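There are two complexes below, and they share chain A, which is joined by chain B in the first and by chain C in the second.
Up next is the complex of A and B:
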């Protein structure tokens, strides 16, 4: 049974998606429990894999057991689970499960009457994301990239008003990204005759660096950058996630971009190699400057926004800069930081969007000016919000502090001081935004405890939304406290071996 | 000298956190709520005193909670300096709480539960800083203190309070995140350790340029110490209610800044490195010296009592930093002693300022004519407090300044002697006219203060207690010197 775990991780949400699509037709009420069940199965399997892989090392699974597995050029469909992706699989399935539990009330109100295929699409999205994380083949990665992208276009278009336009914009950008990626894969395939990641990682270091290999690398890189909204390819993200239904945004925002970052890490350090990256002396500084620019611009634009969702979207753009920068530092602390941040940022963004969702559920919108007195109306939600923002700022002992710690350490080791400055700037900007919100939500209102001031009735979000939000927020602290264990048992084995010896 | 594994330090920190929880739960019953604070403060003080004999024998109490990063733990270690600072903060928590009750209750101030809750958390954080075994733990509690005191600064929730609070956080969070945090990470990356150790963590031959850059980052990064030009948050924070200014902005918060700098200079850089590298020692002394003189001069120009006291605090904090920067035994001992001495003196002054305001609504020094005859008890306490800050016998301030002056003569920075003396004269110049006006000048026509009478007991008694403390510190300074001596023994090898 444990041998089958890797495929169960994807099969859970995939089957749930198909069944939910059918039941949505016959028995609409059934699709929700089906999807929750599928995600729960997937999460359990992924969690179990974390421990198995940490103990026994990477696992390879052959789909249908066919193909010439021991041949130099593999044809079968391979699924690989190693220390780099078990954590991501758990994060993706865990956050998806929690968000599905959280989203029920939100979907009922926001998409009243139109929610028929919502959960099927959600499940399909998660299948795509898990597929990207688990596949051992760069072409299948493309397939899963498109599964995830197509379902997210639909999930975004569920929204009202400008959602269609935003979704269409995303579709154009996303398709261009996918094309670039596929083109790059084409270059790699022509040169090496294989798409299997293990094969490629064996072959590429033995070949002399060629122009085709380089062009393939750059195209793939550009493709995933568009998908992860890396500056300057970020234009599609803020509108898409702001105008999407809150429930869609709550699952897309934390996961979709992070999985694209994982794809970049996989291409950089498994398909290609650390030596190859270090050899790109012309590109490395440029990417680091771009990362700095992503962080600075993301922070700057978040300061100029007046909508809470928009602010959160620009946070994502600056956090992407953290991870790309950390990866391209290509030293041990930098990569550790990038990999740790993959998990930490997914959790933080998820908690942030859940809290914003609670606010939107009660207030109807999330303009900063509407937040007056929100601390009295929704004390629990706002407590969760403040802790989440503290994590994003990097207040110890939350997880955000530790990712920043490793990233700054890596940048200091490599002497990339502009990246250090950008990380700190981003913290400060987030602190400004948090206290701006506290001022509006808490201070700019006549305190209800003073005699003569009007009472502000409590109007907390429903428990079914509040409990997942609080759980996710507490998770940020737990993750921070577990940093040492996580880094020493799992991430240390995910970093290229040359760096840890 | 033993290292003792003990859970007591954690209990000491937790008592006020538990009290904070109880305060939050008992918000509806004010008497019960405030008795919680007293119980917690007494337990805390008892636990601290139980550690004192061991610490004075040279023992160290240690407790490691968990390892958060390789070789960096959340860990506590109680030495003489930490214990002394914790004792000062906790013992002053009791009179301040009495004072808060006397001030807030008659005003029917809003959100008293929030006030006492945040206060208790702030005390926990301050003691956490005092007991930190490494820079990482210290930083953690340092930030907790900034965050927990923000609601106290903005307590009035009017425009001024919001503005002051904004400045408070911008300066404190801004500098700690932008300067102290990266400096700490660079130290970790270069040396692999953040533990406070005799002789510091740097290997011989570390480049002086790097050390200078790190030193400056730390000095400005811990902006709670109020080194210029990162000092203006303190006058801004004076919008807070009087007890907050008294305990936090004369004792806990600002001393945490100075304490952090002491820890960095003695435990991360090491006194020997400081003494043997003239550029390092000079930077510390010059920055502190400038702040000392300039702050005293600005204080002279302030008419608002609390602003004058705030600038005076900025100057006095630099006494401590300058004392450490001298890197001599008596300089460090003097700096250590100046923590309790200045704390008692300055808290007395702030409590009196609050009491004066409550008695007659006066906020400015120019309104003080003849006030001494109307409210003699308050003004006497004020007089004793100002003696302590100026450094005249029979108050504790005299003792610490004595050691600081000796320390400056023994060091390579003898100009510091002149700076200390000049500043003491300036201290006298900005406090004594105040007392003179109150007792000897006759009330002016527009401000007769006919209705002025002694404020309620709950506000006067705490000021009298701390004023008495100033005098007692002079007579029991020998006991306190033992703490300073143990600290010097631990961190200065020659």
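Up next is the complex of A and C:
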């Protein structure tokens, strides 16, 4: 049974998506419990795999048992669970499960009458994301990339008003990214004749560096950068996630971009190698400058926005800068920071969008001016929101502090001071935004505790939304407290071995 | 020059991809963007098929007699063809979603022109 766990992780949501699509047609009420069940199965399997992999090392699963014949080159598709992706698998399936529980009320009100296929699409999206994280084959990764992308176009297009146009722009950009990735895969395939990641990582170091290898690397990198909204290619993200229904944004925003970052890490350090990255002395500084630019631009634009969702979207863009920069520092603390931040940022963005979703549910929209008195109306939601923002700023003992700590340490070790400055600047900007929201939420109304002022009735979000939000927020603190265990038992084994000695 | 003529299919790949990328980025009409997307994908499909093609090669079906010692020089590479079969499916699905969205946008704004739509959205 444990041998089958890796495939169960993706089969759960995939089967749930197919069944939910059919039942949505016949019995719409059934599709929601089906999807929750599928996600729960996937989460349980992923959680179990974390412990198994931490004890026994990487688990390899061959689809249809096609890899066990004695050929020199493998013919089947491989699924790999190792220390680099166990945490991500758990995070993706866990956040998806929690968001599915959280989204029910939101979907009922926001998409009233149109929610029939929503859960099937959500489940399909999660299948794609889990597939990207688990696959051991670079072409298979492309297929899952497109499964996730296609379902996210549809999920975004569920929104009102500008959502169609935002989704269309995302489709054009996303397809361009996927095509670049596919072309890069073609170059890698010409040179090596295999698509299997383990085979490739064995072959590439033995070959002399060649143009084809380099062009393939750059094309794949450009492709995943478009998918993760890295700085020059970020144009599609803010509109798409702002105009998407809040329920879709709550699952897309934390997961979709992070999984693309994981794909980049996998390509950089497993398919290609640390030595190869260190050999690219011309590109490394450019990417680091781009990451700095991503953080600075993301922070700057988040200051100019007046919509809470838009602000959160620009936060995502600057957080992507953290991870790409951390990965390209290519030293131990930098990489540890990037890998830890994958999990931490997914959790933080999820908590942020859940809190924003609660606010939108009660206030109807999330313009900053509408937030007057919101701290009195929704104290629990806003407490969660403040803790989440503290995590994003990097206040200990939340997880945001530790990832930033590792990243700054890595940047200082590599002597990349502009990256350190950008990290600190981004914290500062987030603090400014938090205090601006506190100022609007508290001070722009007559304080109800003072006699003579009108009382502000409490109007908290429904419990079915509040509990997941609070749970996620507490999770941020728990993740921060568990940093030491995570880094020393799992992430240390995921960092390339050359760095840990 | 001779090299270019001998590999003229790769030249066509580059031309197709450039046309596709250009019309995705520079065209204002949403339908033309979708067409550009299809052209870009066709370019990539041609690229992969060119990789796997061989002179005078047969279709890649392994007979039982040749199983133990197949003569790889006489059969085309099956893997690239399989990959492109998948890529075609993905391409069709993407094009379908794209055209569906374009149709919804047309219902909303009575126009396929990007500038007019943006103008409409500002109102």
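In this text, the second predicted complex is superposed on the first by the 497 of 501 C-alpha atoms of A that agree within 3 Å, B and C clash if a C-alpha of one lies under 4 Å from a C-alpha of the other, contacts with A are read in each partner's own complex, and residues count from 1 in each chain.
In the analysis below, contacts are C-beta pairs under 8 Å (C-beta built on N, C-alpha and C of every residue); 3 or more make two chains touch, one makes a residue touch a chain.
Keep in mind that what you see is a predicted model, and the values were worked out from it rather than measured.
Undergrad: Which partner does A:303 contact after superposing on A: first (chain B), second (chain C), both, neither?
TA: Neither chain B nor chain C is touched by A:303.
Undergrad: After superposition on the shared chain, which partner residues are touched by A:190: those of chain B (first), chain C (second), both, or neither?
TA: In the superposition, A:190 touches chain C alone.
Undergrad: According to the stated criteria, A:218 is in contact with first (chain B), second (chain C), both, or neither; which is it?
TA: A:218 sits against neither chain B nor chain C.
Undergrad: Of the two partners chain B and chain C, which one touches more residues belonging to chain A?
TA: B
Undergrad: Mind pulling up the chain B residues that touch chain A in the complex?
TA: Checking each residue of chain B against chain A gives 66-70, 74, 108, 110-111, 136, 139-140, 143, 147, 150, 154, 157, 161-162, 165-166, 169-170, 173-174, 177-178, 181-182, 185-186, 188-189.
Undergrad: Using the touch rule from the top, collect the residues of chain A that touch chain B in their complex.
TA: 333, 390, 393-397, 402, 405, 408-409, 412-413, 420, 424-425, 427-428, 431-432, 435, 439, 443-444, 447, 449-451, 480-481, 483-484, 487-488
Undergrad: Hey, which residues of chain C end up touching chain A in the complex?
TA: Touch list, chain C to chain A: 17, 21, 24, 30, 33, 37, 40-41, 44, 47-48, 51, 79-80, 83, 86-87, 90, 93-94, 97-98, 101-102, 104-105, 108, 117-118, 121.
Undergrad: Show me the residue ranges of chain A that touch chain C in the complex, using the header's touch definition.
TA: Residues of chain A touching chain C: 139, 142-143, 146, 150, 153-154, 157, 161-162, 164-165, 167-168, 171-172, 175-176, 178-179, 182-183, 186, 189-190, 195.
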